[in-house]
Amino acid sequence: MAQASSCWGCFQSLIDIHMNLATVLPALEIKFWVCVVDYKLADLEGYPDKSIAVGLFEGVVRTEEDLHLLKTMRAKCQTLISFGSCSCFGGIPGLANFSDIEECLDVKFRENKTVSGGEVPSENVPAILPVIKPNHDYVDFDIFLPGCPPTSKLILTAVTALLKGEPIELEPHTVCHYCDREKKDTPVEKILRPFDGNADPDRCLLEQGYICVGSATWGLCEGLCVNMGSTCRGCYGPPPPIMQDQGANAMSMLGTYAPLPPEEIKEQVKDPLGLFNRFTYATSHLGSIRIKREEAKKK
Amino acid sequence: MTTEPTETTNENEEWEPRIVAYCCNWCSYAGADLAGTSRIQYPTNARILRVNCTGRLSPEFILAALDMGADGVLVSGCHPGDCHYTSGNLKARARWAMMETAIEQAGVDPRRVRLQWASASEAQLFADGVREITEQVKELGPIRSEWK
Amino acid sequence: MSDTKEEPRIGVFVCHCGHNIAGVVDVVSVAEMARDLPNVVFSTDEMFMCSDAGQVLIKEKVKEHNLNRVVVASCSPRMHEPTFRRVVEEVDVNRYLFDQVNLREHVSWCHTREPVKATEKAKDLVRMSVARAAKLENLPIKTVNVLPKTMVVGGGIAGLRSSLDIAERGFDVVLVEKDTQLGGNVAKWTHLFPSDESGAQVIGPLIAAVRKHKRIKIHLNSKVSDFDGYIGNFEVTIKNLSSEKETKVNIGTVIVSTGFEAFKPVGYYSYTKSPNIITLAELQEMPPAQMLIRPSDGKPVKKMVFIGCVGSREPGKIGHEHCSRHCCSATAKAAADLRDDVDESLVLYQDIRTYGKGHEEFHRLARQKHVIYSKFPTDAHPNVEVAADGDIRIRWFDVLAGSELEFHPDLVVLASAMIPPDDMAETAKMFSLTRSGDGFFNPEHIKLAPLTTHTAGVMIAGAAQAAKNASEAVIDASGAAAKAVGLMAQGEVEIESTVSHVISDLCSSCHTCVTACPYGAIIMDEEQTPPVAFVQEAKCKGCGTCAAACPSSAIVMYHSTDEQILTMVEAYLCTTPEPEGGGSA
Amino acid sequence: MKEFALYTGCTTPVRLPAYEASVKIVLEKLGIRLTLMKDANCCGAQYVESLSHTAFCAMSGRVIALAESMNLDVLAICGACSGSLKTVKHDLDNNPKLCAEVNELLAEEGLKYTGTSEVKHLLQIFREDIGYEAIKSAIVKPYSGLRLAAHYGCHVTRPPEIVKVDDAENPTIIDRIIELAGATAVDYTGKTRCCGGPMLAMDADVATRIGLDKIKNIREEDVDGIITACEFCDIQLTQVQFDDLAEQGVSKIPVIPLPQFLGPALGINFDKLGIYLNKIDPKTILQKV
Amino acid sequence: MSENKPNSALVIGGGVAGITAALDIASQGFKVYLVERNPSIGGVMAQIDKTFPTLDCSACILTPKLSEVSRHKNIEILTYSEVGSVTGSAGDFHVRVKRKARYVNEDVCTGCGDCAEECPVEVANEFDLNIGFRKAIYVPFPQATPNVYTVDKENCIDCGRCVKACQRNAIDLDMKDTTLEFHVGAIIIATGFQLYDITDYPRLGYGHYANVIHAMEFERLINAAGPTHGHLIRLGDGKTPKSIGFIQCVGARDVQKGVPYCSRVCCMYSIKNAVMALEHNTDGEVWVYYADIRAFGKGFEEFYEMAKKRFGVKFIRGRVAEVMEGKKTGNLVIRVEDTETAEVRLIEHDLIVISPGVVPPIGMDTMAKKMGIEQSDDGYIQAEHTFFGPTETKTPGVFVCGCAEGPKDIPDSVSAGSAAAMKATIVLSQGGT
Amino acid sequence: MTKNEVKEKPAVSHTPSSDFAKEVEQEYGGEGIMKCIQCGMCTASCMVASMTDRYRPRQLIQKILLGKREEVLTSDLPWLCMTCRLCEERCQEDVNLSEIFHAVREIAAREGHIPKVFQSTVDQVLEDGWLLKDAYSDFIEEDREDLGLDTDLNWNDEFVKKVKKRYLSGGNKK
């Protein structure tokens, strides 16, 4: 199990399998898991190619080191799993692509509001990459397990299947499939911000005007948020075939639900990319254009 | 969708923008036909793709085209209220509003995309639209140049 | 849908269309380029693809090369797609495996002076079409029954004629008229210029016959409030405007004959500023009297003036650019007929368009009876002023004498435009009809299909299509009736298979498509749990809004799939540079 | 032998006597006898015609009545006279009131218009009364290598439905005779246009320019001469060539009345035809036999 | 045979009106005999290059109709045929049709053209207004329907080479005219029109000056399938005309020539041709001389405006008095008064196109008399009543459509064709009562 | 009022009337005046019009149709027609212009508007019986003699005097 730039939440979720770990762990031989087992990168590099049965890769490639780790994992693992939405779609870190790398460094270091005279560290840190490209642009993955984080249940299902040597069966449905709210098939009359009014707890949030991207999101979460009263923000990315542009789909869906005058829509939807591609900017078309732009800049 | 776009133009030739034009069958495609039969001349840059209705167009089609290297995308349909399918164009218009903002957010000049309404009898309007986006995109340069 | 996913074998046929395409586009090089495209096994160019020779060529080559996809690069598919679909079907290629490239309307005709770039564009378009062709799939050919009943919308002279013809031919008619009586504009006219009859004389017998006919059901004071279904099987709701009572009727065909409205030229020639400035329609509606009298005081009119092209022929003014066709002849006849009543009568005109049979004679008669014709300049229309005492003064320039003229008539008659009725937009929407610049409905083809529309099963007749006189409306009406009867007599008709389809496994029951469909064609299949969306194909008109809206990619729009569209974009943008030919073989 | 009352009109005897002479001698040669009308009066064309239609009818009517009294049809050799007499005859024949009015005046000298005499123009005599065949067989000295332009004269051929001389838009009689005589008839622009003569009174300048325009069009066809059938036209087309406005430095094109042209081909000598009187000498070309 | 009322109709004339009528009757399930005197159906529309006001290519839009007719199982096309006699009454007419010997067996000929290749006789092609050539065995135009060859016996030299060339033995030079007899319930006259013979206007120089042509010749000249392959040239010297003048109202609106009525189509076809001329030669200039521009149909006025504004066609209100030929250039000078300025103008053009009016076709009188159909003063078929029977003749069961009733443009002819079909099928469905 | 209506113009404008046209129509030869549709064929055909801007037969007809009586009668325009009838031959509405202009001349003449040359010529003709009495010189007489033609031209001058008395004394009367 390897980890690039990320919040470590996915592995946290793995740990959250709790008691089930007891049944799973004995079946595993952990060859590399920096935060859990004391193997170094050199160990991983030292294994023969394809000697590891399954690898889980969490996080996004942000640095040269991340990239090296990813490539090494690919070389050593027979099955490489893209683990979590960062790894699958760029995730939240992918939103960094809104700015070019210099802008990022400005915010983070040079003009950091809590540090004066900050500068970009240059020693003992891996070189930072100019842009976040989806991991699968660097290497091929065998399995994608999105989610921010993937639910423990999902992880368990996957791990169990892997142990049995069976294919991982994932339902292709979107969040709506799991949503218990009622649909009346009426178009949206006004788009509401989350702070507007009180939502009818039993009725589809979208129909009420609250932007829920559940219908454009893979429902591996089984409707966790929507059934809890919150709109879906799309953390599982698009449903299979998962390399669709989730944002484009969501906009198409929402435009259909809410054929309102454009001014009204622009007024209410100020940040469509953030709304609809929150976890998938790097793998979206617009994100792809941005990546190409940053790469070109480098040249 | 990740196929690398290729340059079709030679460096020393004058660069010509590549524009994907989605036209609805009932109004704008017919309008483009009429532009032809009326011998209205307009730039050669747009490649018209016929769709039944602008309502058929997900932003995906526009964004994918840009991603594949289109320098501009034109969407032309029936006037709001005149949709052959009642309201497809209203849906297209709403989608467009969000997409336009998104495009801007992503740092792509929104003048690369154009949504216009041209009925079957508005050949001139159609041709003007093609001319306009072509000229606009020419001004902006190749989509690649945005990151040069 | 495709049961046969055999390797695509595409034939490309590039049409010269005589000089039309070949004069601009290097068709030979286009055909050569196509030969090297993936899946293309045959490519050629030919003088006229639509000719018998061209059609035979396609058939021969399909057989010879075992082609299963055909791309014809010629004119607009709006013109010849049906022709070529039929051709490929004759050699057992499904009609949906044909694709047409528009090299004429979209290339050669609009890039006449740029042959090199036009040829580039042509090549791109052919490459795109070939890519699409490879992704095309078989679709079944479907027929539906046609109910033997026609709804005629509008009970004016055209609607009455259509109704009567269809009924006499032995089919049922539902006649819907929004007014409380039949007869339309014609019934209102005491004088039916340019004929000798009064409106009542013309329309009376028709109304009587329609009323009497047992096959015709009349709904007066009614409007179509809902229109659903498809050719042969429309479901119509007719709403009575006063009782609000709704009647549902199933019908097979529709004739829209909603006529026109005489333009009220407010803002022109001081219309409304004097009761003695009226429109030609108002003149025609004036009650019959011994003498022509002045509306203001009932005194006999001594001097009158007609002004032509009021609200017609105004370039750049939307809805008023067209010629209203009937007015010149009507004016000539009116002026001639009324000349005996008055001392002086003038016709101010731009062009005299007495084109119809016998109409030139009205024009000559008017002149013979000393009606003075005076042509005013296109860019300086007559000036009409109404003085405080009601005196009307017209000043204008007579182009032909080169002199300034002035006249003080008792009555000014404005030959105002024929414009669509004010609910035209509503009607258009109801029947999915498009309108042309003149505001009237677009026919299916302006030359050869003037009576049918792009909405299969819906015909148009009379002034609903364009400004027309009553006689022309009558001819249209019978013609439209023939079109309706043709469908009903056959009893069944082929319909498009380009409908949406839900892949139920992928459906997540988000209901987006249900909300999206303007025709209510998508419902949730309650048999399944959870219920998934389901397209009622007969109701689907193929707009594809649902396919675009479905966030799960669960909806396939047949013949317009995402893949079929995007592959074209890709073929345009992501080509590998053509390998340079290594000299001629 | 057919006989006609010859009405010379006012102008021919004075201004172009050679025309009168050549008509007589040529027609005689072709078997037509002419009797000069005595005690005639002006037909009233143009001038009286403009002031009073009735007066005009009376004047032309009297000329025809005179012929009637001679029991002969009228031969008019002047275009204007021919036109006047024919139109008036048409009017009198179709308007009994007018006819009565005229006859009232004529009665004073014992004349009466009854409509029995035909009015014919010279060209009609050639075509109808002599015939092309007869002309052809009478040719003894055919011309050769001669290019000639025919000028018919407005009042000779128009209005066609009344004068009934030739096709007004595409007249052929003179051309036929030119060809019969062995010369080449040349078509030219504006063949049926007016010579400008009638305009002389109101605006001589315009009249001249009209005539010169015709000369210019004819000259473009490289012709040797112009053949006329009306003395007014003949004189006008001759005179304009002497005008200051005329193109300088070019040879003048002889203008020849039809019988004067036909005469030599029939073997009649030049002098009898009065050719020596022609203002633009046609001898050289008429010698092309 | 006449006990059972016939379930079929006769359509006389295979132009666009007749074709429409035939299709509309046949689509109702009745049998139609479509009689056309030329070797192919298609009529005048087949000769036209583009149509106004959309500039659609005429053959392109007509061809599908032609093939629809030829494919229709209820339509029997009788080309190269003329109606010999008609007796009987509405519901049951007895018709005799003379089928002229075509010398080619229609059922066998595939239109391959081997025969024409062999034929040594070249004659002027009347379809191209005698500008181009065809062989003595020929099809009139590429889209001809039926696509079978015809021997033009007047010019055939009986050499028999075509007979040998034909691999299907379809040619029989001894073929005789035959007569076909059948019963029909209704008859539609759609015999169309012809153009006024403009040699009747010597002042305009047609037939006299090489570079004065008429509109239909112009259509063939700009037609890609025409004798010049669509190159607009002067027939006099092969030069490309820069300046073209169109002369209106020739053989139309002319009381003196016996055609007092407006021909309805000339204004528009000339504007269309003017636009096409500029389309062919963009740096040229085009003038139209007219008395009134009658752009009255749907989209016509808009087209007229477009011609003026966008194409820069110059319109002069004034009828042309005469056309004069320049001696060396072959150019033509027209005399006209611009009546809007009272200026007399002499304007030089490289090419003059005369717009002839529409007159009833040759044989209309004979046919009408033979069938006992009433004609109007101007020689067309008299419609029963403007409102009550615009497509009915004075003879019950006999209908009229298209230009047989008077000049009409294509959409009006098509509408009338459908209308006549409607009326005919009412008679058929009611058995003539 | 549409925006392109004529601007206020101080020029004296004429009030159209059909009276004059009716008057011409009543006159002999003037019957066809109402047939004119102003196509310009006559002007284009007219040689006078082609040589001078003063004369436009079509426009003259229109002025009559609009009732510009004084303007027409007091001008010399009606007298400029050569009566060559080329226009009539071509007129597609069968308007007989030269006869119409004769009719107008007659009206003008009755009201004393006669161009001098017309008046003097008429006076001469109606005095002498023919046109060229004064021009018939001895030289011409000799020529005639040489050609074998009558030298006594025998013109009657009695009748014309009667005509003058009856129809044309003091201008003319109808």
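Every chain is named by a letter (A, B, C, D, E and F) in the order it is written, and numbering of its residues begins at 1.
Definition applied: contacts are C-beta pairs under 8 Å (C-beta built on N, C-alpha and C of every residue); 3 or more make two chains touch, one makes a residue touch a chain.
Since the model is a prediction, treat every value here as computed from it, not as a measurement.
Following the contact convention of this document, E is the list of chains adjacent to both subunit C and subunit F.
Note on connectivity: the fewest chain-to-chain touch steps from subunit B to subunit D number 2. Distance from subunit B peaks, on a Cα-centroid basis, for D.
Centre-to-centre separation between subunit A and subunit D, using Cα means, comes to 110 Å. Note: centroid distance subunit A to subunit E, computed from Cα atoms, is 71 Å.
Centre to centre, using the average C-alpha position, subunit B and subunit E are separated by 43 Å. Subunit F has its Cα centroid 23 Å from the Cα centroid of subunit D.
Contacts with at least two other chains are made by residues 35, 37-38, 50, 58-59, 93 of subunit F. Annotation for subunit C: residues touching 2 or more other chains are 112-113, 352, 364, 400, 402, 436-437, 516, 545, 548-549. For subunit A, the set of residues that touch two or more other chains comprises 244, 249, 252, 255-256.
Here the chains touching each other pair up as A-B, A-C, B-C, B-E, C-E, C-F, D-E, D-F, E-F. Taken in their complex, subunit C has these residues touching subunit B: 76-78, 102, 104-114, 117-118, 120-121, 124-125, 128, 425, 428-429, 432, 434-437, 442, 454, 498, 516, 518-519, 541-545, 547-549, 557, 560, 562, 565-566, 568-570, 572-577. On the side of subunit C, the complex with subunit E involves touching residues 16-20, 22-23, 47-48, 50-53, 55, 75, 79-80, 82-83, 112-113, 157, 165, 168-170, 195, 197, 202, 205, 312-313, 315, 321-323, 325, 328, 351-361, 364, 377, 399-400, 402, 436-438, 440, 443, 445-451, 465-467, 470-472, 474-483, 485-486, 489-490. Interface residues of subunit C facing subunit F in the complex, by the touch rule stated above, are 267-270, 314, 344, 346, 352, 363-364, 367-375, 379-384, 395-398, 400-408.
Within the complex formed with subunit E, the residues of subunit F that make contact are 35, 37-41, 43-46, 49-50, 56, 58-59, 90-94. By the touch criterion given at the top, residues 1-2, 4-7, 9, 11-18, 21-22, 34-38, 58-59, 62-63, 65-68, 93 of subunit F touch subunit C in their complex.
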